[in-house]
Amino acid sequence: QETLRIGAPLPLTGPLSPEGLKQQRGYDLWAETVNGKGGIEVGGKTYNVEIVYVDYESNTPRAVQTAERLITNDKVNFLFAPFGSGAAKAASSVAERYQIPMIAATASSSSVYDQGYKYLFGTFTPNQTLTAPLTNIVADSGQGVKTVAIYARNDLFPLAIANEMKASAEAKDLEVVSFAEYAIGTMDHASALTLMLQSQPDWVFITGYINDLILMRRQMADLGIKPKVLTMIAGPAYKEFIDATGPLSQNVTSAAWWHPAVSYEGKDLFGSTANYVKAFEDKYGATPDYAEASASAAGAILQLAIGDAGSIDPTAVRDALAAMDTVTFYGNVRFDETGQIDSLEPPVFQIQDGTTKTIYPEAVKQGEMRYGDIQ
Amino acid sequence: MSILTLKGVSQQFGGLRAVDDVDLAVEPGEIVGLIGPNGAGKTTLVNLVTGVYKPTSGSIEFDGQRIDGLKPYQISRLGVARTYQVVQPFPEMTVLENVMAPATFAAGAKSVAEARDEAMSAIEFLGLAPQKDVLAAELTLAGRKRLELAKSLAMKPKVLLLDEVNAGLNPAEIDVALEMIRAIAARGVTIILIEHLMKVVMNLCSRIVVLHHGAKIAEGLPLEITRDERVIKAYLGNRYAEANPGGKANG
Amino acid sequence: MVPAAIEPTRYSMLYAQILLNGLVLGGLYACIAVGFSLVWGVLNVINILHGSFVVLGSYIAYFAYVHLGIHPFLSVILAGGALFALGYVVQAGLINRVVGAPVLTTLVLTFGLDLILNNGMIVAFTADYRTVQLAHPLGSTVVGGLVLPLDRLVAMLLACVLTVILYFVLVRSSIGRAIVAVRMDREAAALMGVNVKRIYAITFGLGALMAGAAGSLLSLIFPISPLNGSEFLGIAFIVCVLGGLGSISGAIVGGLALGAIQSFGALLIGPQHGLTIAFVLLIILLIFKPTGIMGRRGYE
Amino acid sequence: MAEPFFQIKGLESGYGEIRVLWGVDLEVNRGEIVCLIGSNGAGKTTLLRTVSGLVKPAAGSVRIEGEELAGLECKDILSAGVAHVPEGRRLFRTMSVRDNLLMGAYLRRRDKSVDEDLERVMTMFPRLAERANQDAATLSGGEQQMCAIGRSIMSRPKLLMIDELSLGLAPRAVELLGESLVEINKAGVSILLVEQDVMTALDLAHRGYVLDRGRIVMAAPSEELREAPAVREAYIGAS
Amino acid sequence: MTVRPIYVLAALLLVAFLPLVGDNYVLRLGTMFAMYAVLAQSWNIIGGYAGYPSFATAAFFGLGAYAGAILQGNGLPMPLAWLAAGIVAGLFAALMGAAILHLKGHYFAIASLVLAEVLLEVTTSWTSLTGGGMGLNLPVIRMSVEAQAQLFFWAMLGLAVLTFLMSWYVSSSRIGFALRCIRQNEDASSMVGVNTTFYKVVAFVLSALFVGSAGALYASWVFYIEPPDVYSVLTSVKPIVMVMLGGAGTVAGPVIGAAAFLVMEEVVWRNFLSIHSAVLGLLIVALIFFLPNGVLGFIRKRKRTGADHSKETAA
């Protein structure tokens, strides 16, 4: 029995480490499940999966260096990309040079994929797919939401989402009454929020990392900011957000690429979404979020591609990925010509009475969008 | 013409007037004594002349050129050297290197070899040659005071301000030091000498200036000074006056 | 950045609110910084561990609340005591061996120790953000048009009280005098019968105590994670320099000043520039008054 | 014969590898003022620093009233009754004069007796009373020396060791300090004085020792030392 | 005995043959080593010789990286962009140095630390020029993987050698002498005729030039830079640790320290997945206790400090 080695540079320490650990959980679950089922059979051989983790300390160039080391030194067969769009983009050049397929589980910016690279694939749809559906719902609701205030962390992903939100809002004739950024490491948002309050927005849209969002949610309550719609992106998809904000999480809306409430019958090793969620809960005692699911999905997709290719030859697997059109627990999987997935419909959801309810797309809808009642 | 002229020089530290409207003219080749109680402003005066402080008011001329407001390194290059009351060697350098510094920077030696020669001659002149490779930090207090003197000599100064270079020496050692200072003066260096040891001041100085609370309270020949009532009251004390009724110059 | 829509009468209200925000934040900053300043001033040690100490204090408060139901305001005692002990041991066992060394040596040492402590916390507690979710938060109230976030306000007041207590300990008690004496001349202090190493350990312990106390107050406000350590350290640095090194009143003034600067900076130039403005002001201040707002010469 | 009040025997000491003191023997009797003279670098300061515990001795014993002090910590030596006024005064610069004096009583419990002693020092040095609340750094040199001496008296020593009493002091200040020392001595404190100004030292002291390159080379009553030709030549010089 | 600078130079030049024996990963490590050597040696000028605890390395590095990246993005050939970046960093150091070098000790340390923070904020906010928080991509080089690895390796190594020659020259020149005087007693230095401001600014500029170029080279090497990465405070702290490891104020120490640090960092990082920073911390703590004066200090300890000192550094 042989070993299939997959390199995974992760930010296990440093500011991104919570994200890195999530990804690790997702990959681990996949690898254990594969090995528990006897490994991957291909071309008459059975491979056990080994994921070679390396910590790149939340430092992008270190991620690039790490990717190179994994290829040349650890002789990995495939790569999972480092966290986020920036690092994935930076590391993609290494994969491309060495012609090793790399799957990015957490990179959404189109700019990552439009470099003309052939060996990079990603499981997140572009950013506007997160903002447009929600904007449509809100604008068409007849609840008199006319003005939006946007507040974003000055960082690659949050800023990109914020810009998409601005575009989506303007496309639906909503007025963006304020658009502010905050620096990474800001420990107080009182002034920015006080200022935001001056423009009396109907809809407050905030993007950032979970700790920023928790802090801000509390400060909004302190300052009595109660818009009709409050959207926060990235945080509320995590269970920690609800735990940390308690009643303040009421009616916060968000969107993500995946949600445990969706249900797909997949052809991958996990099968249905429900199966996956159960496997995850059994192993970790917690509900998976989109980042964890996307990591597991990256593994599952790679496995399917190896099966399609009938070999572990990098080029053959790349071609299989490019040609893939299938369903997994994570959703429909098809990559466009740049390598980014284009078959997902990211769900929109709202936290209602301490649990998340999907409100879009129709197929997986669990509840109606509520307005007001923000504490 | 005077080589160093202070006109109405004052220095204010917050509410304290450490030097108060002092006039002073020093002639070339003179040894002028500067005495006064602790805290009278003597060291501050040295700091003013050497550019550590810029006087609050007044002017300082050296060799016909205004020097108040210049930087210490500029003044030292013009030929004004000083020793520190609290000695300030470069602790991790040897004695030789310590003395090479002024030879290189203030006296502007052209090469390392030249600086070394200059430094050695100053070191030998002061009898420090046996210790030339000892780290300054390892010297005794007296050794460091002598090093201080060697450093100032290596600057080839025209005017030398000596701030208590003899403090901490015993009377016999002082006798040796006196000879040394005389020899320096004999090279044509003008000296301003600050000292609490009357033996030194009385033996060396042709003229004495007394500061008290920053102001000049007396100026004159050693003999006149020791008889001055105000000086006795503020500085010398009765015991000194009684022990030296004629103002005889020894301790 | 100020929206044109605001009518003039509301400006003063807005400014007052911003000032209040800044001061509340500033009080907490002061509490973070004061222990750092003390250690720096007395031991001449730039304690890189300080940020992690604050975080550790937060964790103690967090676990005390989650498992024992102790309100973070009360955990100040618990966290302070625990951190005092930790600080005392670290100083007595490790830093004292090199305390006379140049500042870079001790800095590198505490940097190394911080790597250990911070990594240890990540392993023990994970880097996930945790928050103390009070069963009965005080919420906020409106007084004369000003929004007062009560939990923050009380935390800030407690922080100030602690700082003032520390001030009186230093000024009035004989241990305090010994600390000041050691700072000025350790050998002379030894000649007075002061056990210098013990005073060092106590001082470091007090610095850690203040960090722990600040940490437990902050646990109510900021999400807790080992990753915050460096932010807290950065704040301690700036506050110290703004206010003047080694002086407690300096830490208070510096903290309040930083809070206000950041607050108004966010208002006038935009939230993302709040820190930049603080930094630029800091450099300008350093250039023109190197000893900080309250600093005295000869104190370092 | 009864053991002397304070006795140093065979004391060896130095810095790292460098040996400075070579078997020093020295005694101070109760109520005596003893001076120690010697040229620069002879090891006088090292001797005092070793006695007070700042430098650890390599060999030998130091006893006060029979109690062994060699190798103890500074604070224990101080509690045994030996106080040291270091070279250069070493006041706590930004502490007030009063706090400096109180530091001297650091090891004592803060009670009425401390306040009384504070009173006593202030009476002995009225200048200090005038400046009680001023920072020590702002004192003149003579006042600083008074403060340093007063500070060590606050520990109620049995033996007071003073290094370089007159260093950098104006003649009048030296005169005043000398008078105070005699007064302190009369109050029952023995004194070991290191002083470069040999005449002043011998005027004040009952007995003297001469230290040369780390060894005691002479010990005699002051009058004898003053007249001894070796001393005159090496330490008093031509006058 | 002391490690003679000439041996270190020889060793550095020997490293140039690395491409003959190693794969790309080894080359990458070699490039890292050269970069660390540049940073450590540069810091040593201001921190080791002049004794000013500078935390400005990250500022120079980041500024160089962005200057190089932007210039390259605007079509400047790569080597010219590297050169220009060094000059930009040097100019910045001259300006800032004149303003903050009158600060002493801790205050200087803070001011220099703040420089990087300010640049970080400015770079992040100036989105139109720098891409802000989104980072900046560099033009792709049309060259084989191997050729690229070798190119950057040799370029960085060349820079390290240049830095070494600069440091060597400084140590034996008036500048080095003046800086050592300043370190030991700044007031006394100005009293013996040293124009302290001038020499300090010179030292600051020298400690910036090569770091700026290294930053630009680094940017070209990794293709993508973002503000928190190039202005990371670790970039300022690591060179200090390296110099302390090797021996401050010497010519050879920083190079030895850089090599030792890289080995330590790499070994620890490879062998301890989630606790590598703790292990690195342990190593650092152990080093402080067992090698307080760095490797060179340890070697030198047997001989009498003074004599060696004068031999290696006397002007």
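All chains are identified by letter, namely A, B, C, D and E, in their written order; residue positions are counted from 1 within each chain.
Methods note: a contact is a pair of C-beta atoms (placed from the backbone, for glycine too) under 8 Å apart; a residue touches a chain by one contact, two chains touch by 3 or more.
Since the model is a prediction, treat every value here as computed from it, not as a measurement.
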item: Distance in touch steps, counted as few as possible, from chain B out to chain C; value: 2
item: Touching both chain B and chain E (chains); value: none
item: Between chain C and chain D, the fewest steps along chains that touch one another; value: 1
item: Chain A and chain D, separation of their C-alpha mean positions in angstrom; value: 76
item: Geometric centre distance via CA averages, chain E-chain A, whole Å; value: 38
item: Chain C-chain E separation of Cα centroids, rounded to whole Å; value: 31
item: For chain A, residues contacting two or more additional chains; value: 13, 154, 183
item: Sequence positions of chain D contacting 2 or more other chains; value: none
item: Residues of chain B whose C-beta touches two or more other chains; value: none
item: Interchain contacts (touch definition) - all pairs; value: A-C, A-E, B-D, B-E, C-D, C-E
item: Of chain A, residues touching chain C in the complex; value: 13-15, 17-18, 21, 151, 154, 177-178, 180-183, 185-192, 194-195, 198-199, 210-211, 214-215, 218-219, 221-224, 240, 243-246
item: Chain C to chain A touching residues, read off their complex; value: 1-3, 5-6, 10, 14, 17-18, 21-22, 24-25, 119, 122, 126-131, 133, 139-140, 142, 147, 149, 151-152, 221-223, 225, 227, 231, 234-235, 259, 262-264, 266-267, 270-276
item: Interfacial residue positions of chain C with respect to chain D in the complex; value: 174, 177-178, 180-181, 184-185, 187-195, 296, 298-299
item: Footprint of chain A on chain E - complex, ascending; value: 23-25, 28, 32, 121, 124-125, 132-135, 137, 140, 145, 218, 222-226, 228-229, 232, 269, 273-274, 276-277
item: Chain C residues within the chain E interface of the complex; value: 40, 46, 94, 97-98, 101, 103-105, 107-109, 111-116, 118-120, 122-123, 230, 234, 237-238, 240-241, 245, 272-273, 275-276, 279-280, 282-283, 286-287, 290-291, 300
